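I'd like to ask you about the structure that follows.
Think of it as A, B and C in the order they're written, each chain with its own count starting at 1.
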Amino acid sequence: MSKLIVSPSPHIHSAVSTRSLMTDVVIALLPAVLCSFIFYGWNQILLMFVSVATCVLLEWAITKYLMKKPSTIGDMSAVITGILLALNVPYTTPWWVIFIGAVFAIGVAKLSFGGLGQNIWNPAIAGRVFLLVSFPTYMTTWSAPKGLFGVDAVTGATPLGVIKEGLLQGSTVPELMGSFSYKDLLFANIGGSAGEVCALALLAGFVYLCIRKVIKPWITLSIFATVALTSLLFWGINPARFTDPLFNLLTGGLILGACFMATDYVTSPMSTWGGVIFGIGIGFLTMMIRYFGSYPEGVSFAILIMNSVVPLLNMWFKQKKYGRA
Amino acid sequence: MSQIIIWTIAIITVLGLLLALVLYLVAEKFKVVEDPRIDEVEKVMPGANCGGCGFAGCRAFAEAAVKAPNLDNNFCPVGGNDVMAKVAAILGYEVKAKAPMVAVVRCNGSCTNRPTVNTYDGYPSCKVKAALYSGDTGCAFGCLGCGDCVAACQFGALSMDPQTGLPVVDASKCTACGACTKACPKGIIELRPQGPRGMRMYVSCVNKDKGPSAKKACAAACIGCGICAKTCRHGAITVENNIAYIDPEKCKLCRECEAMCPTGAIHAVGFPKPLDKEAVKARILERQKKEREAAAAAAAAQKEA
Amino acid sequence: MAKRTFSIGGIHPHDSKISRECAIRPLPLPPTVYISVAQHIGAPAKPIVAPGDKVKVGQPVAEPGGFVSAFIHSSVSGTVKSVGPRKDLAGNNQMTIEIAVEGDEWAEGIDTSDTLVTAIPEDNKAILEKIRLGGVVGLGGATFPTHVKLSPPPGSKCECLIINGCECEPYLTSDFRTLLEKGEQVVIGAAIIRQVLGNVRCVFGIEENKPEAIAHIREVIAKLGCEGMEVMSLKKRYPQGGEKQLIDAVMHRQVGSGALPISVGAVVQNVATSLAVYDAVQKNKPIVDNSITLTGECFPNQANVLVRVGTPLSFIIDQLGGMPADAVKVISGGPMMGKAIANLDAATLKGTSSLLFLRADQTVRGEASNCIRCGRCADACPMGLEPFLLNRLAKAGDMDKLEANAVQDCIECGCCLYSCPANIPLLDVIRMAKADVMKIMRARAAAKK
């Protein structure tokens, strides 16, 4: 007989591990990734490859040679950062730009804080904002989708960009809105970064994550609700100046951000109510930036700002303790 | 240009003077009157803030020492007699010199002496392990090997020997602050006098089980046989609860007990030469035989008379 | 109506009740029994026999060593061989009475027949004395002496007696089999306890995964015509069988931190305890045996067996085909709160409910990695605590903050460690911190007095 193992209770463990959770997120992202390949073609595939490979290899190299710790790439979190980053840039971005973004995301935003679980900001968003500030030209030159088997792309601005530009030039929202239909927005027939374009694929992934109980839906739903209510208020007051709720829900990285980036475990509050407040903050800040800021899009900034408030939210919103008032 | 420079200098000077005045006034207002000797005592302390003296830190010790009527209950184990002499000089007290101490690990249950009988699969902490069960060897008293003592030592004097799985004390770094003795849930580590020129003897076992059971668990266990106590001519060894203990005050470092111990549980440290066990043993046996004969002869003589 | 359950946290581990169809059967007597004097919470009992004494089954061999303590009886008839330290299942020395088995002669006055005695004595004091003399302790896990629990402090009033038939731990089936096979006795035992507490409402809390037991107890209650008794089917969820959780589920009341269940008018007793009360009061039979589940996927001879207290574990295992080759861990109790056994030569105690055999792939802990702040531990904690925070505070040794964050409320159910995706040994660390904080709290309370 071999030696008995002795350990403190409990003696069994749920099948859920960090790796299984992260793998579920990757699975949830696959529809959107496939969509982006089909709509944007080879360049998007190249970007995805460069982004994921850089994230994973860099994490491996840094943990092994700089931190001298067991490698953490097995937990799949670097893969997610890579995918999210690639979905967050226009497909026309040169590969070396996304390489720099991936280096920043993993090297600075994630591992310099101590790796998974220690970072304050979502690495993919930090990488994206870094690129947006450093390479505004590449990051804001949007192209209408060409498709894997499609015809030449038409360079243009994203719907939000069109509106912002148009408003500056004195046009009204209803005039500008004539150029796109909601059907186009829902089915990815618009310009934007890869992950902005297929709302349905992203929502399918979100539903998958909720069913698998990987995430709780409250953060995402409160972002959607806040965006809808805020824009309803402003649109109701002045439809000529402000865009309508449905448009705001479907454009920009809102769905990608709300479903996959704001719900990142590490950088979101743990309690349900903390999550709701977090979501309200993101939704409100997003709308403020969209309506009044100089950038057309605000989801990334809103998430980054709210990421910084998470420790406070964790302190303020706690679960009710048993038998205590 | 020059005007800008002059103005800058003037403003900064005035600002500096004003702030200095404010600081001075505040410092005066909130001044705490303290015995200046506390600062003096604190200065001569080692400053390790280890808590080995029983106070929260060196400052707390200094405060207590200044208040105390004498220094009998205040002793800094880290600084030892030198520091205490200085403290006594500042405060004008007498201080009795204490023998310098060192931490001693009283377990000899290395991997070869004490085979493991089960596998521990929990948080690597002696405290957690001890609360759970007797440990992964057959001995319920000995070292658990998770290194709580090493973590507790602020002076880097303890380390785990990967060969034996037991903690090793670096006597040159040990300050006898006692943190390890408190950290060990099994109470294996004892503070003992360093001994003359670092020579000391101790029983390296705390197993209270009866002989056969202790021996089964660990080849180097003290089995409480009492041979050492019978051998010792200085009355330094007592056997209680199946475990021998050498009183360092009475021990004369003759090493006879070490030679006679059947399991090698008695350790000698700091001696220049290893002990020739067989020779000493033969000498002791010879002596004991003579003693017995003498006693028999005396008894016989008494009978005749 | 939505099924009731407790309101905070909880998990749904795999049920694994694979031995549920095995009827309880008695095992042959071992050649020697080893009866420990520490079989209950509180002061160990004091041995009252000496080597060479002849004892009979049911004869007391140790008397209570304090107010919170209990009698211990010989579970066999034979000769006391020794009284001294012996290693318990954790490998620590424990005062133990060794008795060589010679025949099976019961002490006088014990009714060993199977006849059901339904008439309950009227004198409550006499009942409590019989419970005390019978050495009855809570058999749900805590082994708290029952007569103490049934004598509520003056000023407190019991409103509801809850009979705990949840058996929410995976694998365990001995309570379930007891409900099915000894339902009448359990119900009469509950009626006795109910009478002692002042004819209060009595609720059997049974989880919905045991529909046979629920139906059977309802039938028995109707058949015996017991008043004020009902069976409540509860949603399956761990740790429903925890005293505080069960009170929350049945009465929708929460016991305050550090308070006793009686403060909200509840008394909880386990099914097996109820049976022991019946035996002690109606049959004069003290606790000399208990039913134990032997289970685990790797254990071929699944069984629920009735064994005498003090039977060596290795004897029981040998009777059922020996140790399975691929078992690496043997647990006394359930997989969530049970104790891993270090020493199979140890003997059973009154409170031993199961021997669970687990394979390496079922039980070996994964490598701990960074906390990903997913909050699953906090979601799972049935006390509403934040294990991730307590773990961090414990490592920093911040006792004040640990107390402020209610580490002392932890019931050590294991939900946090079970659900942690990063395999962080949360409970290992928190359990130690809880002990430290409670020591400080007790010292403070003592200083106040």
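Here, a residue touches a chain if its C-beta (ideal position, glycine included) is under 8 Å from a C-beta of that chain, and two chains touch if they have at least 3 such contacts.
Here the structure is a predicted model, which is why all the values come from computation and not from measurement.
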| item | value |
| --- | --- |
| Chains touching both subunit A and subunit B | C |
| Central chain (by mean CA position) | C |
| Longest centre-to-centre distance from subunit A, chain (CA-based) | B |
| Of B-C and A-C, pair with higher C-beta contact tally | A-C |
| Approximate Å spacing (C-alpha centroids) for the pair subunit A, subunit B | 57 |
| Distance from subunit C to subunit A - Cα centre to Cα centre, in angstrom | 49 |
| Mean-CA-position distance for subunit C and subunit B (Å) | 43 |
| Shared-contact residues (touching 2 or more other chains) in subunit A | 4-8 |
| Residue list for subunit B, restricted to those that touch at least two other chains | 117-118, 121-123, 128, 132-133, 136 |
| Residue numbers of subunit C (touch at least two other chains) | 340, 342, 364-365, 425, 428, 431 |
| In the complex, subunit A residues that touch subunit C | 1-2, 4-14, 16-18, 20-21, 72, 75, 77, 114-118, 265-266, 270-271, 318-324 |
| In the complex with subunit A, residue positions of subunit C that touch it | 8, 11, 13-14, 170, 244, 248, 254-257, 259, 323, 325, 328-331, 335-342, 344, 356, 358, 360, 362-366, 369-376, 378-379, 381-386, 388, 406, 409, 412, 414, 417-419, 421-423, 425, 427-428, 431 |
| Subunit C-facing residues of subunit B, complex | 117-118, 121-123, 125, 127-128, 131-136, 138, 140, 209 |
| Residues of subunit C defined as touching subunit B within the complex | 87, 90-93, 340, 342-343, 364-365, 425, 428-429, 431-432, 435 |
| Residues of subunit A that touch subunit B when the two form their complex | 3-8 |
